[in-house]
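Note sheet for the following structure.
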């Protein structure tokens, strides 16, 4: 059950096919997950979203590929995005996430959720020492 | 402006003093930030919260200390916790966060915020391939 | 699976029947969706909620009926309310939402989610020019 | 700094004056807080919001007035609404909230924030025993 | 469908068995719900989470056990945590929540969600009278 | 107070200057707000963010420019992003938002916040009629 309906033959649209081919080549896998299959209802949105995901997540950079997935999971859990929690946990496992790291990730996400609530409930004033303009 | 008022001489309470001493020893710094100064309105809550933060964030583990801070920041930004964004960004910088890594962290947090919205707006069905019970 | 159980014959309660009749008359349709069927577990809550929805959403006003649905969807996506995303996307389509408009709505919701994260991560000071008291 | 500007003499509008008078009478206090002073930019919105707050929060019912404030604070903290955390914590104190109860409220809000994150990160299947239709 | 897979014989791990035994003894019931069955993928995380839930929720304190559940539900609804809404609504019913109280709880949670949005949209300045440092 | 520090002479960087010049030309105004001044700490992030904002918000499309701002405000309020609520409310006023429309926008955002809470608290099953695959 979703809010748009994927076409029966998605890849008959050359723009969609080009993105799907690039997803497969980038990931070295035939699998194209539902995020892309449903975004294809609008080829321009599919193209721009994939271009950004590829640039941020699949390009060598200053952060390790697994670390990037951990950050992605942290945001997705906090936003309560079920699909994204599933897809990025699977991606993290594919990139080597161990059971111990998974448990530790959950501990940090849970602790941050807890202390965020405390800080907001207390309405804490920000310490001047934290101001970037001072440092 | 906050919802509780720290006592004038917080450390006259021996339970508070013991936690503050441990914070200073653990962090090798005299600075005790407002989170702990305001939580001290209830010494038991101060003790349990610090014990958990110390165990999760200040104990050697499977994730790098800087990576832990990036995950903490990701949750705090998504929850919109101003105090926590400030305190953990400062902590990440103290642990070596570079300008390039900071920009990359923001790119990932922003992209995740964006694709979370898309996945929720589309109400994407979760791909069976993501089910942990299958793998 | 839900947290309350609708009665077998909901409309045997005259207060529930009156609200359902008004929903059908207002929408010119026999269909009464689950929001109202489950809210009927408390007739007073059903009455006050429907009265507000009717006043805000089904009364001619300064905003176009389709625009109202787009705003409703934007809030519902951001809150991660699955039911509401489904029901208001269906309502928007019934009011004429085109595929192009749907894609554009998603682009804006996604971009706002992204830049909200950036503004919060940067802890941007609000420009004085934005203060309503100055203008 | 806000997004609307209160008029210099708010109570020269008879609809605004009537609501402010009712707020004062209901609360037995001359103080009218900013929520109402800024909502007055639209008298109809002021009237309907106050009518609902009065009906839900200031009318004898099945829940204790202090308990109602604790629930209100829990939602406001989770939504990160600074104004609401301040105003409802003040209201709870006025209704007798003790320091011990305040600390306990924060412990529960923090624990719920934490376990919400865990449940979402694990994508827990709901136990059939929790289904209201079975009970 | 979840992100971790419970072992076939969870209680063959003595640490897991000890926690499950304590859950059963504390709740006077044989039922161990999925939160604990899935958290068992990491016995340390299971132990620390249960210890905290038991201390906060199952120990006599200044707040009534049913009131604690209402606060927990309020946070869980606002975070959109489906599992937690189900489990804590069931827990509240087991502790005596009536239909009238349930409806009233929903009215307060809904009203708080509404006025949180208004306060944020208006960017209300906090009244100085709400400052704890003044009182 | 923010988490990065803008350089004293931002526009001495030609990439920053090019973006700022395009912002001024697009908006026909000399004013460059803080979002862009602080994002300039990373010219690549500044460039990609502005390119997307310009494409989505400042290019003629199927939705009216004012309607786009209303959707942006709805997301920003729900995410509790203070900066974004201020900047996009100011933008909406610059595009002609009337007081009546502003009040109506707030009514819809508040109502959606309220009914989102109700739908989540009830854990409503989605009506099959809302499934896009059926229509």
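The first chain written gets the first letter, and so on, giving A, B, C, D, E and F; residue counts start at 1 in each chain.
To be clear about the criterion, a contact is a pair of C-beta atoms (placed from the backbone, for glycine too) under 8 Å apart; a residue touches a chain by one contact, two chains touch by 3 or more.
A quick note: this is a predicted structure, and the numbers were derived from the prediction, not measured.
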Contacts common to subunit C and subunit E (chain labels): A, B, D, F
Comparison of A-E and C-D by number of C-beta pairs in contact, larger one: C-D
Chain of greatest Cα-centre distance to subunit E: F
Option in C-E, C-D or D-F whose residue-number contact pairs overlap B-E by over half: C-D
Where subunit A and subunit C are represented by their mean Cα positions, the distance between them in whole Å: 27
Whole-Å separation of chain centres (CA-atom averages), subunit C against subunit F: 20
Cα-centroid distance, subunit A relative to subunit D, in whole angstrom: 34
Multi-chain contact sites of subunit A, meaning residues that touch two or more partners: 1-4, 49, 52, 75, 77-82, 85-86, 89, 100, 105-107, 109-118, 120-123, 126, 130-132, 135
Partner subunit C, residues of subunit E touching it in the complex: 80, 85-86, 89, 99-100, 102-103, 106-107, 110, 117
Touch list for subunit E against partner subunit D, complex: 1-4, 31, 33-35, 38-39, 49, 52-53, 56-57, 61-63, 67-68, 70-72, 74-79, 81-84, 86-87, 89-90, 93, 98, 100-101, 104-105, 107-109, 111-116, 118-127, 129-132, 135
Residues of subunit C defined as touching subunit E within the complex: 1, 3-4, 41-42, 44-45, 49, 75, 79-81
Subunit A partner contacts - residues on subunit F that touch it in the complex: 1-5, 48, 52, 126, 128, 130-133, 135
Interface residues, subunit B side, partner subunit C - complex: 73, 77-78, 80, 82, 85-86, 89, 105-106, 109-118, 120-123
